[in-house]
Structures are given as C-alpha cells and as structure tokens.
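In the two complexes that follow, chain A is the common piece, with chain B as its partner first and chain C second.
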Partner chain A sequence: MHRLTNTILALRALSSGVWVIACLLILSTLLILVRKPSDQGDLQFWVYSPEHAKMYVPMIERYEQSNDVKLDITIMSNAAIQSRMMSGFFGGLPTADLIEVEKAVAPQAFMGPIEAIGFTDLTDMLVQEGLLEQFNQPSLNPWSVDGRVFGLPHDVHPVMLAYRADITEAAGIDLTQAETWDEYFAMLRPLMADTDDDGKPDHTPLSFWYTNQDLIETLMLQGDGQLFTSSGQPTIHTERNAHLLATLVSWCLGPQPVAVDINEWSAAGHKAKVDAVAIGYIAPDWMCSIWKMHVPGLTGKLKLMPLPAFEPGGRRTSVRGGTMLSIPKTTEHFDRAWEYAKLLYTSPQVARELYREVDIISPVKSLWNDPVYDEPDPFFMNQRKGRMYIELAPNIPLRPSSPYNKQAAIDVRDAMGRLAKYAKEQELYEPEQLMPKARELLETMQRQTERRMERNAFAQEDLAPISEDSQ
Partner chain B sequence: MSAKVIDRNRVLFSWAMLTPFLLLFAIFVVYPLIQSAFLAANQTFGPGTRTFVGTKNFQLLLADPVFWKSIGNTFIYALGSLFIQLPLAFALALALNSSKLRGKGIYRLIFFSPQLMGLVFVSILGALAFEKRAGLVNQAIAFITRNEKFLEIDWLQQHVMATLILISLWLYVGFNMIYFLAALQSVDKSLMEAAEIDGAGPLGKLRHVIYPSVKPVATFVILLSMIGSLQLFELPYILLESSGGPDNRGLTIVMYLYQNGFDLGDLGYASAIGWVLALILIALALVQIKMTRAQEVNA
Partner chain C sequence: MSATNRKLNKAALHTLLIVLAFITLIPYAWLIIASLKGQDDFFSGIFFPPGEGFLGIGWDKLTLNNYRALFDLGFEVNLINSIFYSAATALFATFICAATGFVIAKHHFRGRNFITLVVLGALIVPPTLLLAPGYELLYDLGLLDTVWGLLLPLLAPAFGVFLFRQAVIQSVPDELLEAARIDGCSEWSIFFVVVLPLLRPMIGAFMLITFLGMWNNFISPQIVLQTADKQPLSVAIAQLRGVYKTDYGLLTAATVVSVLPVAALFLLLQKQFISGLTTGAVKG
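Up next is the complex of A and B:
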C-alpha cells in the first residue's frame, strides 16, 4: 500500500510534458495496431516521374482487367530511387520488380563485374522476341555494358536548336540555311548590335556557358568528343576534345561573345528567354514540354532546326538525358515484370501519350509512323516537330555507361572553367590560340581519371595504355 | 524482502530498462562502426565486389589532392562559423537581452525562423538569392553601388565557400543566438549591479561579468558548431548539385565520402574517409573536454 502511494505521488510529480509524450506514445501505438495493412500489389514498380506514372495507369488498369495480376506504382524522387536501389543491390535485398532509372543514376548500378550488376540481363529476351532490332540502336547504348542490355530505353532525346523565329524572320534572316555553327553565328551578327545603348548586344546568338555541365556534354557529344571508349578506357586527352573545349570557350569570351549565360530552370532565366536575350537554345525533345509549361510567353515565337554542325557535313544533333526500365535480379516475378515492361515501353498508346503530354518521342522505330508525330505544334509556329526529332533520332551520338563518366564530365567542365580563366587573363579568344592550354588541361584531367581508376583493383583492365590513334 | 533481493531486483530492472536502448545502439551504432572499420581495409566497386587492401585506402587518401582540398574547404567553413557566425550570434543575443529593446519575441522569431523552414528550403532560397544577374544579393549590391558590373558576380561558381558561409549565417546565427541568449539570461543580476556600482562600463561588464558567466555555454556552442561544420554536407550538396562545385571549390569531407561511396561505388575508400573524419572529431572533443576541465579547475 505504501509502495503504491509512493508510485502515485511520483507520477503526480511528473510534468505535463511527460504526460503529453506518454499519451502520444499510447495513441500512436494504438493507431499502428489498428491500422489495416494497405492492399499490396503482386508487383512493385518504382517511377521517378509523375507524368510517366499518369500515362501508365490507364494502360495497366486495362491490362489487369483481363489478367489476374496487380502492379503497384510508387512515385519517388530520383535520389530516393538511387539510394533505395543501390542499398538493395549492395545488401542483396529485394527492391522493386520494375524500376525506371534515370541516365545519371544508371552508371552507378553498372559498376563492377558484369555478373554482379543488380539488373537482369535482357539481351537474350530482346533477341528471342525480336525486340532488339525494334529499338533505335543508339538509344540502347547507355543501358548496355559490354554489349549486354540491362534496360529498355524509354526515349531517344535527340537535340535540336530552338530559335526565336519571330525575331530572325522579322530581320529577314533564314537560319535554316546555316549548316555550321560558324555560319549560324555569322548570320546573326546583325542582331548583336547595341541599338538601345545599354552596353550590351540586343541579342546574343546562343544560350550556352562554359560552366553548364549538361550543355557542355551535349555539345561535346555532338562534336564527337569522347570521354571513354566503348570498353571503358578513358580518352579525355584527345585532339578532338581539345578542339571542342577551345571552340566552346571561345564562344563565351572575347570582345563580342556569341554565347550568353541564361539559367535554364529559374524564373529569371525564363524571363531572359521571353526577352530574347539569346536567339538560340539547345532543345532536347523533353525541353519542349518544359517551356510550354513554364514559359508560355514563348508560344508562337520559336522554331526548331537541326543543330548547326561543328564542321560542314558534321553531326546535326546530339542527345541529352534519358531513362530506362529495368528488372532487378531479385524479382520473384520476372515473367510478369517482363510482360509489363513490354506493355509499357512498346505500346503505341503509351508512345502517343508520351509525345502528346511531354513531347518525348518513342525509341521504338515501328511506332514512328504514328500520325501523332506529324501533328503541327502551335508553340513552334505549327512545325511538325515530332517528325523533325524522329528524323534525327538514328544519328544521336553514342554515350558510354562508364561509372566514371559523371566525374570525368565534371572534370571537363572544370577544365573549361580553367581555360576560360586563362583566356581572360591572356586575352586570347581564338580556338587555335587556346589549343595548347586546352591540351594541357585535358592531359591533367585524363591523369586524374586514370588515378581514380588505378585506385580500383576491379577496373585495372580498363586502363591499358591509350594508343596514338585515339589521341 | 532481504536487501540482497531488492538490490538484485533493482539491477534486473535497470537492465530491463536499458536493454531496448542497448539493442538499438548495438544494431545501429556498434555494428556499423565495426563494419565500417572492416570496410576501410577493403575495396569495393559496386555490389558483389570486395577485396582486402589492408591500409592501402589510408595511404592513397594521404596522397590524394582532392581529399586535402576537401579538408581545406571544410576547415575554411568551420573557421567561418567560428569567427563570423558565433560572434554574430553572441552580438544578436546581447542585443536581444537588452532591457531597452521592444518586441524581443518578434526579433527572436525572425532570427530563429530559418531553422523552422529547414535546411533544404533555406538552401534553395539561398541559391536563388545568390543567382547571377537576377539574384537578390547581386541586385542589392548593384543598387547600392550604382554599378551594374556587380550583377555579374557568379557566387556559386567563383566564390563558393564565401556563399556557403553566408547562407549558413542565415541558417545558424539565430539557432546559436538562442543558446547565448539562454546563457545571458542566467547571468546573476546582483553581479551586474555590483559591477555597475563599482563603475564598470558596458565593456567592463562584458569582460568581467558576462563573459565568465557564458563561457561554459560558449565552449559548448563552439564545439557543437565545429562538429556541425566538419560534417557539412546537405548545404553544398543542394547548392552544387552533388558535384563539389567548379574545381571542387565547395567539396567538403563528407561530400567527398559520398562521391566515393555512392558515385564511384568504393565503400572502402569512403569508410577510410569516414574514419579520418571521426579521428578529427574525436581530437576536437578531447580538446573540449580538456578546456572544460581547465575551466572547472580555474573556477
């Protein structure tokens, strides 16, 4: 009795905060206990894009009406997919049955020996079912390791140049006649005058800057610049890369630079686009829907054309971004997952939706005949832009899936920054003048990447000496 | 009931109370610690690969210029916190502790509010404020100096560490201010009155009364701030999009750890970086313990 009294007295002495915490503890425990477990599907599908999920849902619902199976779609950020997927692969734990993986994330899953990759090798299935040939071949490249395909491509993402046709046409300039970048810049010289005396040109030909890593990579790919061979050997220090580096830096500097720094994503950047600070913008297919959504003021002012080439006869497109659909090895429902993968990634209906909703063209060549790609687009002055992107799709450059690519691309951006600093200090603005320094910087970056790879006992075979031909 | 039985019951009860914590501690702290020590002596390259390399990771680390760069950047940030952030927090606390100031509650809320918004939100706002040309900071400088040249300052390219320090000022000054304010409010009023009677001016009171009273809290805040600074990750990760910035100007130790572990798949090298960081933090904690003991002895 005495003990009980003491306990009651001790409890009474507790502060109200302790009681609140205790009540919350009891309440939350009860809630967890009485909560009904959510109705889990047979298969799990991780998607990073809500737009993609929205397109898949009707197709999946229709499929599930005639098949006794249920697929749960979970939308999560790219970073969440990356960490959950990689944690699963490292720990040998189940992830999802299907995962949509973005280009920047995939190389991390391709590290190590081919047999240790966490995704199912789909090559044999693709060959057996005659699907391999159906896909645009360069679009399979980022999802392949040593010729084995680990994911179905979601897209092609060819790149064109979007330009302010309202201004160029008013000035009587026909940019479609520009075959090379030099011709393009020369044709736009008249628009670079400073008629309002604000100390800046009225318009600058191109939105590009030597600090924008994505745009650097896109243009280097267009110019056949390579950071790795198909077997994963670093080829950063090459004459071609040095030339591209020097050329791109020369665009941004000098008494009359032809490129201007416009933020691709911010409101200020969008306003600059509406104000036509730059005439031309690098435009992968997916960028079209971004502009439609965020910069409606550009409606009816832009036109698309193939990228001008670095040299006559050179490549007129590039590639930027990408997504694949993969099936982790840990899935217990491979056959069902494979059926879903084919349904979603080869379906004409999804392809049509993909183009209508987000302007992305399908990588499945047999679907390119769909009339949706010939529909005029009022945002781009009624151009049939789908068809224009499709015509460029087979020519997109190949991209390596090396896990070292991300760091190497960062190194190249840094080299470009250092080259720009050197150019400003020395007042050298011609590509030829910048070539010796560009070579020197790329050599440093090549050594840096090699050091990174040398550290790796598993990647030693990728470090055979670089032949003279590749330099 | 004998005393022996009561003692045994007490011991059993204590262990019963401790067991949930000890279990969680063993699973989530002790086991990962042992595992990371083991990993530091191995090399990995993605899932399913591991090879024993002994002390090679630590040898490579000592010869790795990027690692030293990340150490340098982290210490620059830590010093920025120590010599700019904390004095500013103390000055704000002094101002808010003044009996003459009205609306203290509002000011406290204003200075503390970045903490309520959270680091990610503040980082994104910071990135917008320091944007080239249209950013609030450049616009303000250009407006004050009447010179449009300042619109072109590319903070996140050219002055990365300065930008990180400035944004963290916004984020943490109010937070540290609360500690100092609490310490200031516990300063013995009779001592202040005695100092006034003895003719001490504001500086004299600060030096001989306030400073000795807040010293233990200041030591704690300094240590907390140093540890937080050395573990800096989220702010540069968000601002620099996980790259470390141009020429690794914003690369911190933890970011380099993350790059190696998750971008390059070498958990061994990342663990070695983690252990070096742990050693630095342990050294700092030992210094703090020594300083606290010295203060206690002097008191």
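Up next is the complex of A and C:
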C-alpha cells in the first residue's frame, strides 16, 4: 500500500502535459474501439490520383452489383506506391492486385532482366483479346520492355502550344501560320517591344527556361532528341541532342531572349500568365484542367495550336507525363484483376469522364470517335480541343522505359545549366557557337550514365557495346 | 542607467519583439484566412478576397464551407487516428526509452557496453534504409495494415534511449539510488519514485518531440497501413491534394485542423520542452 502511494505521488510529479497526452490516448482508444470496422475487399487497387479514384468508383460499383466481387481502392502518394511496390517486388511480398503507376515510378521496376520484372507481362493477353491494336501505339512504349507490355496506358498526353490569342489577334498576328519555332519567334517580335519602359519586353514569345526539367525533356522529345535507345542503351552524347541543347539555351539568353521563366504551378506564375508575360505555353492535355481551376482569369483568352517544329516538316507535338495500370505477378486473382483493368481502361464512360473532368484523352483509338472530344471548350475560345489533341496523338514521340531515364533527364538539365553559364561568361548566344561545349557536356553525362549502369549487374551485358555505338 | 532609460530600453525591446511576433504570425494568419476562402477567391488576393466591404475586403466571401466539406469527407476519423497514434507513441516510447536509458546508465551487467554500442550504431542508420527490410519484417510478422505494425517499430527509438541514458547519468546521482535501495525500494519503485521525477524536464521534451514526430509522420503510415479508416491526418491531408487539381481551401482548412492540436499541446508543455532542451546546455 505504501509502495503504491509512493508511486502515485511520484507520477503526480509528472507534468500536466503528460496527463493530457494520457487522457488523449484513453479517449482516442475508446473512440477507435467503438468504431465499426470497414469490410475488406477481395482485391486491392492502389492509385495515386484522387481524381482517378473518383472516376472509377461509380463504374466499379455498377460492375460489383452484377458480379460477386469487391475491389478496395487505396489512394497513396507516388512515394508510398513506389516504396511498397518495390519492397514487394524485391522481397517477393504481396502488393496489390492492381496498381496505377506514374511514369517516373514505373521504370524502377524495369531494372533487372525481363523475367524478374514484378508486373505481369500482358502482351499475350492483349494480343489474344485484340486489345493491343486498339491502343495508341506510342502510348504503350513507356510501359514496354523488349517489346513486351507490362501495363495498360491510361493516357496519351500529347502536347500543344497554348497562346494568348486575345493579344496576338488584336495585333493582327496569325500564329497558326507559324510552322517552325523560328517562324513563331519571328512573328511575335513586334509584341516584344518595351512600350512601358520597365526595361523588360511587354511580352515574351514562350514560357520556358533552361532549368525546367520537364519542359526540357518535352521539347527534346519533340525535336527527336533521345537519351536511350529502344533497347535501353544510353544515347545522350549525340549531335542531335547537342543541337537541341544549344538551341534551347539560346532561346533563354542573349540581348533579346525569346523565352521567359514562368513558374508553372505557383500563384506568381499564374499571375504572370494572366498578365501575358509570355504569349505561348507548352500545354499537355492534362494542363488544360489545371489552368481552368487555378487560372480562371485566362478563360476565353487562350487558343491551342500544334507545337511549331524545330525544322520545316518536323514533329508538331510532344508528350509529357503518363500513367499505366499494372497487375503484379503476386496477385492471386489475375483473371478478376484483368477484368477490372479492361473495365476501367477501355470503357467509354471512364474515357468520357476522364476528358470532362481533367481534359485527358483516352489512349483507346476506338473511343476517339466519341462526340465528347468534339465539344467546343469556352476556356479555349470554343476550340474543339479534344479533337485537336487526338489528331496529334499518333505522332507523339516514343519514350524509353529505361530505369535510368529519370536521372539522365536530370543530368541533361544540369548540362543545360552549365551550358547557359558558359554562354553568359563567353557571351555566346548562337546555337552554333554553343555546340562544342554542348557536345563536351553531353559526353560527360553519357559517361556518368554508363558508370551508373555499370553498377547494375543486370545491365552490364547490354552496356558493353553501347560505348562503341555512341561514339 | 536611470529608471527612464531602463523603461525606454524595455519599451524598445518590447516593440521589436512585437514586430517580430507579428512577422512570425503572418503565415498562420494567411493559413487561417485561406481556409475561409472559396476556390474562386483563393488566388484573388494575398490575404482577404477583394470586395465591396469594409477596407475593400469581400467579407461575405469568407465561409466555413471548407471545414464543413472536410468533416463531410470523414476527416474526424483521421484526426482521432492521429491523436491515438501520437499519444500512444509518445507515452510508450517515453516510458520504454526512460526505463532502458536508466538501466543502461545505472545498472552494471554483462553486455551493457555492447548494448550501448548497438544503440549508438543504430543512430547512424538512415531511417529510409530500413523501409524495405522493415516492410518485409512486418509482413513476416503478419503486422502489415495493423496498428501494431505502425507503432511497434517506433516504441524504442535509439535516439530516445541514448537521450535518457545521458539524462540519467547527468541528473540522477548514484547516492540517491543507493539510499533508496537501503530504504528497501525495489528497482521498479526506484525508477518510478526516484528516477522519473528527476527526469521530468527530459520527459516533457521527449514526449513532445515524439508526439510531433508521429503526428507529422507521413511515410510510415503510407507504407504500413492500407485501410483508409486507419490512416492518420498527415496521409489524409496529402490525399486531398489532387494530381491534376487541388482544392486549396479544403487543403488549408485541413492544415489548420492538423496544426491546432499540436499548437495547443506545445503551449501546455512548453516549459518542460524548453527546460528539457536546455538541460546540460550550461556547464555547471
């Protein structure tokens, strides 16, 4: 009794905060205990986008009414999906039955030999059911290794140029006549005058900067710049890449640069868009919904057009971002998971919803006839933008599925930063003048990537002939 | 220095502190105001939405709709989960670390130095490195998607054990323990009656650090927990952020809800927290 009294007295000496935390623990425990536990589904589906989950729920509910099965959707961040998925693949642990994987995450799983990839090879199923031909072919590329497809594409994400038509049309400039970037910049020269004497041009032709990795990659893809071959070999040190690097840097520097640094996501960036600091913006389909929500002030001021090409007759579009739906090998319900995959990724309802909600066009070619894509969009001066994106969809550049692509793209961005520094120091602003330095920087990046790949025992076989080929 | 000068100095100091406090509070004021704005007004003004009201502010545009929408989404479930995980981790981790620290510091037994070395060694292992093996271990133990799977790995942090070991060495004299033993105290009684009260500042500080750590913990619940009903606030808030678009009003309202409990707790524990942090800071 005496000991108990002493202990109570001693515990009373603890601070009030400790007792508050103890009370919180007791209270929250009681609330959790009285809570009704939720039913567990038969299959698990991991998604990283709440918008995707919201679109799938009605479809899944309808399907489950007529089928004795239940699918649980869990929304997770990309980082969590990557950690859980890769831990599962490396450790041979169960993951989910279906996983939606983003472009930056998926290649992590393609690191080893093809038989070690944790996703189910869907190629034979797609061929048997006649689905392979139904998908936009370039959209399958980021999810394929050695011609084998490991995921269904969720999207195409073609890229157009959104421009301030209210300003260009008022100035009597018809930008749709611009077929190349040089023509585009030349047509906009009159709008670059500094009429308000603030030391800056009133408008700059393009929102782009040599530090924006995503935009660099998008434009390099448009210009047929390649970081890896289709078989995963690095091809960073090429004349084409050096030319593109020098060209893009030259846009940002010099006495009258044609590109300006506008943040794509911040409030300051949105204000700059409203103020027409830049005339043109690189616009993948998904960007349209973001602008509609965050920059409503642009409504009725923008128009879309295909990207001007780097050379006459060149590619007029590019690609940015992407998602795939995969079925891990560890699933015990492959057939059911496959049915869900087809339901969600090939259904006209989800495709329609995807376009209406987030302006994304479906990669399923047979769905491209849907009238939803022909609806005029008031945000873009009633242009039928769905149709415009679809027309460009088959021409999007092929993207590699190499697990080293993400780091290589970062390296290229760094190389651009160094090239820009060199250009400023030497006061060299013409692409031709920057080419020798660009070549030198890319050679270094190529070696870095090769060294990185050499650390992967699986990649060494493929790497041996690379150095010779790339020289 | 004359009394007038002293008063002037004090007034100047207070003015400076008030200005600094005001600057510190600006982000919180922004957060609260932003949580009261609708999506259409979110980017219309830095603080208040412009309008026809007093000071050119659209007072009628401020609304509690974001908070209503938040709780319509079932946010209270995540709030309760966060409180439970944080309180449980703070209490149990503090108790376990204090007890372990006491044993390592004051008891002589075989392997004590080895255990101390293991604790010190564990401090240099980056937590990220343990994610994959930790996941596999939890799977083998059948603890994935369970509360225990989340809490167990956090109940005996090496940092806490080492912190309490140092605190015991510094604050608990051997003579006091010997006197308690002579008086017939058991080792548990010594721990509860003698050691814990002497560690009071460190307990407050560590408990707050652990509570905050768990409250803000994002990656562990994402990895270990799968069921939506078990997710804490940090994960639920992250899920409010869309990939294509984000309802910033809702997001800021959720942030306010997540900040308030910890702010209140800090106010309650601030004395212990500060004294715990400064223990040993001055050479005596």
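Annotations
The definition used in the following text is that the second predicted complex is superposed on the first by the 426 of 471 C-alpha atoms of A that agree within 3 Å, B and C clash if a C-alpha of one lies under 4 Å from a C-alpha of the other, contacts with A are read in each partner's own complex, and residues count from 1 in each chain.
Please note the rule applied: a contact is a pair of C-beta atoms (placed from the backbone, for glycine too) under 8 Å apart; a residue touches a chain by one contact, two chains touch by 3 or more.
As the structure is a computational prediction, the values presented were derived from the model and not from experiment.
In the superposition on chain A, A:Q134 makes contact with neither chain B nor chain C.
When the two structures are aligned on the shared chain, A:N395 is found in touch with neither chain B nor chain C.
In the superposition on chain A, contact is made by A:E51 with chain C only, not with chain B. Contact with chain B, but none with chain C, is seen for A:R455 once the two complexes are overlaid on the shared chain.
Of the two partner chains placed around the shared chain by superposition, chain B is the only one that A:R418 touches, whereas chain C remains out of contact. When the two complexes are superposed, the chain touching more residues of chain A, out of chain B and chain C, is C.
When the shared chain is aligned, chain C comes close enough to touch A:I75, but chain B does not. After overlaying the two complexes on the shared chain, residue contacts for A:T444 are found with neither chain B nor chain C.
Of the two partner chains, chain B is the only one that A:Q407 touches; chain C does not reach it. In the superposed pair of complexes, A:M86 makes contact with chain B and with chain C alike.
Taken together, the two complexes place residues 83, 86, 90, 267, 271 of chain A in contact with chain B and also with chain C.
Taken together, the chain A residues at the contact with chain B in this complex read 82-83, 86, 89-90, 92, 108-113, 115-118, 199, 211, 213, 261, 263, 266-268, 271, 403-404, 406-407, 410, 413-414, 417-418, 452, 455-459.
On chain B, the positions that touch chain A within their shared complex are 43, 45-49, 51, 53, 60, 128, 131-135, 148, 154, 157, 243-244, 246-248, 259, 262-267, 269.
Interface of chain C with chain A (complex): residues 39-40, 43, 77, 80-81, 83-84, 87-88, 90-91, 131-132, 135-136, 139, 186, 189, 192-194, 196-197, 200, 203-204, 207-208, 211, 218-219, 222-223, 226-229, 238-245, 265, 268-269, 271-272. By the touch criterion given at the top, residues 3, 6-7, 9-11, 13-18, 20-22, 24-25, 27-29, 31-32, 35, 37-38, 40, 44, 48-52, 74-77, 79-80, 83-84, 86-88, 90-91, 93-94, 267, 270-271, 286, 289-290, 293-296, 358, 360 of chain A touch chain C in their complex.
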